[in-house]
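The same chain A turns up in both complexes below, where it pairs with chain B and then with chain C.
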Partner chain A sequence: MSSTVRATLTKVCEFLLTTLLVSFFTFAAFSIIPGDPARIMLGTEASEEQVEQLRVELGLNEPLAERYVKWLDNAFRGDFGTSLSFNTSVGDLISSRLPVTLGMSLIALIIVLLVSFPMAAICSKRPGKPLDKALSCAGHILFAIPPFALSMMLILFSANVLGIFTAGRYTAPSVNFGSYLSSLLLPSFCIALPKIAMTFKFLRASMIEYSQGDFVRTAKSHGLTDLRIMMKHIIPNSMVSSVTVISLVLSDIMGGSLIVEQVFNLPGLGRLLLTSIARRDFPLLSGIVFYLALITVILYFLADLISALIDPRIRDRRNV
Partner chain B sequence: MKYKGNILEVNNLTLSLLDKNGVPVTILNDLTFHLRSGEILGLIGDSGSGKTMTALAISGLLNDFAHIDSGEILFEEEDLVKKAPRERRRLLGEKIGVIFQDPSSALDPLQTVESNLQEVLSIRNCSKEESRERILRMLATVGFEDPEDIAKRYPHRLSGGQRQRVLIAGAALMNPTLLIADEPTSSLDTVTSMSIMHLLHEMSHEMGISILFISHNLSAVRNFCDRVMVMKEGTIIDSDTSWDIMGQPKSAFTADLLMKSRLDPKTLGISRGKTNPDGPVVLEATRLTSSYRYKDVRRNKTNAVIKNINFKIHEGELVGLIGSSGCGKTTLVKTILGLLKPSSGEVSHEGRIAAVFQDPVSSLNPAHTVRWHLREALKASGRVISKEEQTAYFISILEDVGLTGKHLYRFPHQMSGGQRQKAAIAMCLVQEPSFIIADEPFSALDASSQASIIKLLSDINKERGTTMLIVSHNLQVIRAMCSNVLVMDKGSIVEAGFTDDVLENPSAEATKALIEAGEYGG
Partner chain C sequence: MRSFNGPKRYLITGTILLSIVTAFFLIGLFWTPYGINSTDSASKLMAPCAEHIFGTDNLGRDVFSRCLVASRYTLLVSFAGVATALLFGTFTGLVAGYYGGWRDKVIMILSNGVMCFPGILLALVAVAIFGASMFNVIWALGIVFSPTFARVYRSGTIELLDRDYILQAKIMGVSPTRITLIHILPNLMPQVIPAVITGLANMTLFESGMSYLGLGVQPPAASYGKMLSDAQSYMTTAPWLIIFPTLMLVCYILGLYFISEWIRTSVKGGSR
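Entry: the complex of A and B
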């Protein structure tokens, strides 16, 4: 068996193991927290019999391990149970809300990358010069504004002044993909802005470091123009160190969508999560938390794969 | 058509560099020299004399802190100082090639050798097939036996010497009229550096390339350069044909530099360590094998870097370990120190081992003072010294290594290379080791610092009786200070014994090659 295949398989096994652990901890967390879910759901007015009946219905009387295996078995088939407050399958609920959050996160990521890479490249060219200072300062300000404040300012500005956006209007991608995208654009922008600042700061530092590096000097001595050196050497090298940061940013973006969905009144996972907490809807809550955790694990897995793809040294190290 | 006459004329060049507070400091002072077409001109001087700044000024690679105040640099009779940055960059790709001192990070780690070299040809509108063919031919020219394999490799899978060859191939691919070589061999071992110099010499003659060869080692350029200039504090103080300058240096400074670079044991005041074949064994390696596994697209192989190593070192001995680069010296050191797990065999040692490494810049933590480093070393050794006595103790150790109490509160960046290496040695002494391993402890330093570190290590061996293993590619040093010698080649110890026996009557081919290279360059 070739060592590349073996290394990839190891990585996949690690990924599966992490997912399993995540699922267990999600499940255990909701079982261990104090309070009887059945009692909380039914309220203090309900009689003991009613609570007991619900406990049986939810399978709360069985031992934790048994319940976990059952839950896992169901989850494996995509069945996370039935939401108590919506009375529909948790899986259906999540999959109807996922396009909003995922779409928004992806658009936000694209905006982050499209803006921060050129910005960092420009600043790293002449660090400490007025343009660098101005852009860095703008980055700090963006970083400091809380997303909800930014969202509200943007809504007011775009709806009232520009008149191009109606807050709270959402079209499903299956209905009209164009208006789906346009309804997500502004919220994505709100999530992206603070993250641009973060990614930019990191990229700028690593690009400055690389642009003073020895291999850049070699490339200059080979007569390459600054633009080609940037594209061929500096950007790919700073990609290696930024892949991890970008995956962190992306999982942060997913988390950040919670508030923005609320402000923009979008039917995403974040809002569903808030609802499930408010209504003590445990099957739904554990389903969403598991999904979010799974997405994060997938992101880190992808980040690892991508950095190995870019950097031959990581590929070699992995096989040692 | 190559240019006739003076290919390069530097006239009254004055250059200043902004220091930390933004105050300009003059680095090059009224520098004037010329380079004839097809000539190899050596530029020699201690570190900080302005050699590298000269190279950077000519090549147009100065950073933002440097400023040319006055003077002109005429390349083929055109003043480079007056040219626009874009034009200068184009000139770099077409007519002026540069190779630098440290090849370790001079290639883009994310790209194969071929891709790294391809950029030279890409600005010349070469077709893919043509450029591939030219790259392979050039790799063969610079001495690679299997160019196809090298072209596919990534830089981290090449040794220092191989990387420098690739960089030379890059410079030669553009077929320049002028090649600026800034200490191209000083981070390489003697055998490799000799072959690199041979290569440059050949290229100069066959392709008619003029070379400005910068080095801090006078004797190394003796057989290589047509003319030599000695530089001190930004001006040329001595200039002659290389033979005359070596034979009868005109200035006292040149004579001193020459003496230091020869590392003569008498002038250094060192004598050879004592052999102790009947004493207790301090370090013993038995059938030691260490290997790296790495991925290869075609063959999935494990590479044994050191194979079946056996040796004993007795108490108080000063043992030299020599061998060309890539022979496994550093792997052996790492295995002895326990940084690498041997794949088979074992190392046993008595007492504590301490280590000094080649590069004092990266082996000290830039965020902490010397005092912190000494305390860490003390903690690691498990010795306990009360807080009150620590300072006095540390100062006494620093004085032992030739530093003073004021260095206790210095950060690594506030000291010179030699001082940093002394601090690293002080860290060893604090641990009261029975055994010190020094892996190329001089090679990153300039001639004067080298001399002081050699003397220091030799004194520690004599006065404290500390057993030592010194890895070096400098045969003169080993000859002068070591009692015993181990010679490594291709991962095995090919010869071992008393210094005289090994170096006067070498039996292994590898030893003979090292001795020959030492006589040529040194």
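Entry: the complex of A and C
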């Protein structure tokens, strides 16, 4: 038991270290901007006094290490400073846009899980049969289409053929939760499709591997039904590889939603990010970057914990 | 199963798809039916016909000519980006795998840190700071992709380290540089080549995404991502503006993907 505690503690330390590193990367990236950041933000027409004032405001005259500690301290209290172009707190801006990006990522993840598991289970039962070939081939093609191109095709299809969807319609969750979900459904689907292909491929391979195991043959000779073997023996075994894949897929989903919300005209973090890049609003940009990276780090950490929790083999191996 | 769906089919399909892209690239180097930025107000938004086989866009530019030329930027960014990633990834991966210990820890923690940023985000930040240009996109994506290669090299090196011929070389006093370059590096090719090809495909996905956002290859150069974002306002009336650039991207990515699948399934030791 104590070794389990130690293993968990090691993971927590790793997590904290990674968080610190990510914060340092973010801070460093915005400190090595060639030239004077204050000058860049204000443009060439600003006077010396204005630039100097902004330098003081941003704390650019203090030493780098001091600025980092200060920035980190503020960041962990949820204070990322004030946006230069919106003139409001970066934290508020981010939290107002978060429902779109986070909601989309979450729905996409659920779609990935709901579709790829049954698909992989069906295909792994009869590998090489027409159904398996057709689904695998579809997976290859889906994987190769860039998410934004896929989104456009789906918008075209749903608008012209089904006549049900117009891009750019968005309702805040506080107004009407149902229409909030439905406005995010198609974009989430577009992010999910290529990831379904990826998850399906991994799951299929691991399920085929496990369904050839001795324990499956034994279960079969005991007269267990195929469904029971699948649910009780094959799926639990392939859970571990699925957690690994999903943690890989997660950061792709977040990155994908940044682009896809642009296609669908949704007011999410991606739009805010692009605005901040276009307006050279570095406090806002660094806030968004750190926030997104932090979410990913936390998700990786959770995936790591979960995979150790559900698989005694990993738990034991790490303990040694 | 093997005869029909086996490795050979991947090879054939992949080669056909990639030769289409290569043909576009080679033709585009020497000849295009129209200038890529020559506008023609008389023929705006024309559907595919004999004169403009891929149609024209909202400014009357020939989509076929633009597709011919855009292939060169897609190829350039993906190859240069993967080369950059290989440069970083090979060095760090070999050092981490060969020496282990603190060097390994430091490199792995750093590469974990890089991998925690959603890839496109890191590249976008680099472009935001240093300005949108093809060169910046290449090195930014190179850094984003280098941990993937570092991991492949590291795990491969660790696997090879206790082989007899490596031990023999160590006993004979061969220098670490020579061991890694002469004895380890060539033996890792079966793992590295599929990773490189998949890297090319992913790089293309990222590059097109950044160009779509207007932060990748800059006009007046034509790129598939930018063509798609320009086409978005006209997509219901002129779907050919979307279909042909997408098809070109899919051709390239799917072709690469099939080839890497072929290598993985047919080369021994390639599949892990």
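Basically, the second predicted complex is superposed on the first by the 312 of 320 C-alpha atoms of A that agree within 3 Å, B and C clash if a C-alpha of one lies under 4 Å from a C-alpha of the other, contacts with A are read in each partner's own complex, and residues count from 1 in each chain.
Keep this in mind: a residue touches a chain if its C-beta (ideal position, glycine included) is under 8 Å from a C-beta of that chain, and two chains touch if they have at least 3 such contacts.
These numbers come from a predicted model, not from an experiment.
**Q** Determine, for the superposed arrangement built on chain A, whether chain B and chain C clash or fit.
**A** clash
**Q** A:P147 in the overlay: touching chain B, chain C, both, or neither? Say first, second, both or neither.
**A** second
**Q** Could you say whether A:L227 touches chain B, chain C, both of them, or neither, answering first, second, both or neither?
**A** A:L227: touches no partner chain.
**Q** Once the shared chain is lined up, is A:V5 touching chain B (first), chain C (second), both, or neither of them?
**A** Touch partners of A:V5: none, neither chain B nor chain C.
**Q** Quick check for you: in the superposed arrangement, does A:F215 touch first (chain B), second (chain C), both or neither?
**A** First partner only.
**Q** More chain A residues touched by chain B or by chain C?
**A** C
**Q** First (chain B), second (chain C), both or neither: which does A:M254 touch?
**A** Touch status of A:M254: second partner only.
**Q** One more residue to check, A:V175. First (chain B), second (chain C), both or neither?
**A** neither
**Q** In the superposed model, where does chain C crash into chain B, at 165-173, 201-209 or 237-245?
**A** With chain A aligned, chain C clashes with chain B through residues 165-173.
**Q** Residues of chain A that sit at the chain B interface in one complex and at the chain C interface in the other, please.
**A** After superposing on chain A, no chain A residue contacts both chain B and chain C.
**Q** Spell out the residues on chain C that touch chain A in their complex, using ranges where they run on.
**A** 1, 5, 109-110, 112-121, 124-130, 201, 205, 208-209, 212-213, 215, 225, 228-229, 231-232, 235-236, 239, 242, 245-246, 249-250, 253-254, 257-258, 261
**Q** Tell me, which parts of chain B touch chain A in their complex?
**A** Touching chain A: residues 59, 61, 63, 86, 89-94, 97-100, 102, 104-111, 116, 119-120, 123, 154, 156-157, 167, 170-171, 174, 292-295, 300 of chain B.
**Q** Can you list the chain A residues touching chain B in their complex?
**A** Chain A reaches chain B through residues 2-4, 212-215, 217-225, 228, 232-233, 236-237, 240, 310-313, 315-316, 319-320.
**Q** Hey, which residues of chain A end up touching chain C in the complex?
**A** These residues of chain A touch chain C: 17-18, 21-22, 25, 29-30, 32-34, 127-128, 133, 140-141, 143-149, 152-153, 155-156, 159-160, 251-252, 254-255, 258-259, 262-263, 273-274, 276-277, 280, 285, 289, 292-293, 296-297, 300.
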